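Chain nomenclature is as follows: A, B and C, assigned in order of appearance, with residue numbering initiated at 1 for each chain independently.
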Amino acid sequence: MDDALRIDDLVKEYPIGSGRRRSIVRAVDGVSLRVRRGETLALVGESGSGKTTTALCALALERPTSGEVWIDGREVTGMSPKELRSLRRQAQYIFQDPFASLNPRMSVREIVREPLDIHRVGDSAGRDARVAELLGLVGLAGDAAARSPHQFSGGQRQRIGIARALALSPGLLVCDEPVSALDVSVQAQVINLLMDLQDEHDLAYLFIAHDLAVVRQIAHRVAVMYLGRIVEEGAADEICAKPRHPYTVALMSAAPARPGRGVHRERIVLTGDPPSPIDPPSGCAFHTRCWKAADTCRTVRPPLIELDPGHAVACHFPVRRDTELG
Amino acid sequence: MSSIESAGLSAGRVPATLAPIEIARRFSHRRIALVSAALLVLIVVLAFSSDLWLTRDYADQDPLVRNQPPLGDAGLLGTDQLGRDLLARLMFGIRLSVAAAAFGVLVQLAVGVPLGLLAGYRGGWIDSVAMRSVDVMLAVPGLLIALLIGMNIKEQVASGSGAVADVLRSIDRLTAGLTPVFVVLVVFFWVSMARIVRGETRVVMARDFVRAARGLGAGPFRIVVHHVLRNCIAPITVSVALLIPVTMLTEAAMSLVGVGVDPPRPSLGVMIYEGAQQINSFPYQTLVPSITFAAVVLLVGFVGDGLRAALDPTTEQGR
Amino acid sequence: MSANGTIARRVGRTGVVLLVVYAITFVCVRLTPGNPFAARAPRALSPDQQARLERQFGLDDPWPVQFVRYLFRALSGDFGVSYAHQGEDVVDVIVARAWPTMSLVGAALLVGLVVGVPLGVAAALRNDSWFDHLLSGVSTLGVAIPVFVATPVLVIVLSVYAGWLPAQGWDGLISTTAIIPIVVLALEPIAVTARFTRASMIEVLRSDHHRTARARGLARRTVVFRFALRNGLVPVTTITGLQVAGLLGSVVLVESAYNVPGLGKEFLAAITARDYPVVMAATLIFAAVIVVANLLVDVAYARLDPRIRSA
């Protein structure tokens, strides 16, 4: 069976500046990923790590500089506009900011109906019925359709966005930090909704996040990004319990551990901001902040190597959980 | 939904824009604007139906009732030095003002808006060319160029030969002599609208919901019409209201200088100018059209202010 | 981009604007049918005389030649001879009439600033008071009422009924004749300046910077006059350039309504008389004044605004 999403060696560069000071930023530098059907892959990293760019390229909302993207076994890169339109029925995007992602001049009905209108699904009455069904699915009252988005709270608006994304019954949802703009109390509700929907509709999620508590809850697998590259990838349980890359270790130690799970850990605090992607460090990009960095790290870039089955790490000196920091 | 949630995010934020119903409600709360709008409608209806309720034509001369003051035997507003009924002339002048305003609005909507959308949506060289022309148009002595163009068109219509002059002449028959004014409106009145819509388009295009629409498979047409245009309605409306007085002024100034409507058709500008020739003996002759013109412009201004406040979500409800 | 680079680019743009104005003017004038001499001659001109006159004024050359020739002559200060003023040099015609126009425009600009700025500051300090609302109402009026309406109304009130001021004419800037034209012209600058000053001041007064200054214990007066005013007035310079463009349009109408023998009145007369050399010269001079004013404003703004200077 084909993967819901496969990304091969994706590179995305942006030109910045102009004239003599013109240069190029590599926001994504050779990322490969796969998301199986019905599975959630969490893509984790600080802001500026290239995770949103990866997601936008995955759905052809940005044009990759090089690399390939496959959705449901069909290659997305180089699709004609017409083919892209039909692709939209298979894969949808959920945005981070529920205030910016809904057109304030449209009613909720128009918003949720828009994908049906674009793809001419059924007749007008059928579309309205589908809108009502979708609103029910995401837990909004029936009278929501006639109102306009600004009458809703952030969590409700995100539900509207989810309803819109589900309208065409896609197999893949790319969720770009869908709860990070929401109140903590609301986050869990939306996460639960996403998990229920996944079970009911066999959805695959590429779930972008920087909050590891959320990741633990929803993800089957986790990929950690740093400065445009994947530095560690593996099953969610394993990454959370036994991170091997120093960067992941630092991220995990910064996140509040789930009560009753794991042992007490020393906190490793990352100092400084991530380096600028305009001028990335040589060798291992993390060496400027890594407590294990050695001379090799400054010159040789560590490849992503599968250390355990299904668990890959890009580090010269991976952390061994049993001896270090345990 | 939990009460905590509704109290959470939504409380601190101001909605970026308002729903149409809300706008209508806010507008109707502004009494001055509402009354102004009603008065404007009344004036326009009166002006365009004046043939039905007036006994005299704007061009009828009557040597027996020259320079009669208002509220006298010779009509409500009196007569001018040729014994023509000032009320009839005033009503016709308003019609010309309305015609100029309507055409100005048409130019803004039919030229300025599409151009702004195109420049903002496509960017690139179309954008550069459009915006450079806007810069130039804004730095040009507008009234002088308008009068120059007016002079040219007047002469073309009067004595020009060739295809252009023929076309202008047939347009002139249709527009009752207002061709120079209309040409000037076409030349100048797309500018500020194009600039405003272009800027607004760029802002809207950068917002997530446009990206969302792309992600849904929306084509350029849907994005421009359903997403960009719908979010530009407020600035477009305000801009139209702000420019209406300027279009009226253009017509009046051009007619007053003799490159607008031809006599004996009376423009408000012509009436003010002709009346001013006798300002010492019969001041009402210039006062009547002056006050009318100022009043109409003010009413439009009040409606514009009301619309602007009603469309701006950051202002509180006004008086 | 350095401040000098910005200014150099603006100067370039100024040239482009002037060239465009020249082109428009040239096209309008040259493509106007009819014959400027025939209209003025006492008797019908013979084809011979006609041809001689055209040759004399260089009107028989192909128009690109005329376009370039006129441009170069204009650049060297030669605008030809007026048709209407019996062979007078256009430059003389214009110089003789430039003073009333320029002094009226300058005075109106000054009055606009001197009256508009304090009004705007006062409204900003009393934001949302009755004074603020009154001012906003009055400024709507100031913007809305065109000069050719305001002139006769003021004349009727102040001259015809009160008899305080002359009903028309011009005795120089320092005379009672100048009052009505200046007041009429200044209405819009006052209204616009006051509105703009108010908005800009309110923004400055709300800024954190300003609050900090207040919190440091400086008196409100000091803060307003030393700090807020200086920052608040920087943006006001930008609209002054636009005012000049507006005023140069209005002054044409005011001069003709109040019978001031200035450039504006001459321009209207030239339009009516089809005195093309004067029309072209006047348009170009007005355009030049506008672009130079805008250029000065840009330079002043670059000097005043710290963000641009250091960038």
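Here, a residue touches a chain if its C-beta (ideal position, glycine included) is under 8 Å from a C-beta of that chain, and two chains touch if they have at least 3 such contacts.
Here the structure is a predicted model, which is why all the values come from computation and not from measurement.
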item	value
Topology of the chain contact graph, where touching chains are joined (line, ring, star, complete, other)	line
Chain closest to the middle [Cα centroid of all protein chains]	B
Distance between chain centroids, defined by C-alpha means - chain A, chain B (Å)	50
Between chain C and chain A, distance of the C-alpha-averaged centres to the nearest whole Å	58
Inter-centroid spacing, chain C versus chain B (mean Cα positions, whole Å)	23
Shared interface positions of chain A, touching two or more other chains	none
Partner chain B, residues of chain C touching it in the complex	13, 16-17, 20-21, 24-25, 28-29, 31-34, 140-141, 143-146, 148-149, 151-153, 155-156, 160, 167, 245, 248-250, 252-253, 256-257, 267-268, 271-272, 274, 279, 282-283, 286-287, 290-291, 294
For the chain B and chain C complex, residues of the former touching the latter	135-136, 138-145, 147-149, 151-152, 155-156, 158-161, 165, 245, 249, 252-253, 256-259, 269, 272-273, 275-276, 279-280, 283, 286-287, 290-291, 293-294, 297-298, 300-302, 305
Chain B residues within the chain A interface of the complex	1-2, 4-6, 8-10, 13, 15-19, 207-209, 211-219, 222, 226-227, 230-231, 233
Chain A to chain B touching residues, read off their complex	59, 61, 81, 84-85, 88-89, 92-93, 95, 97, 99-106, 114-115, 118-119, 139, 148, 150, 152-156, 161, 164, 168, 181-183, 185-186, 189
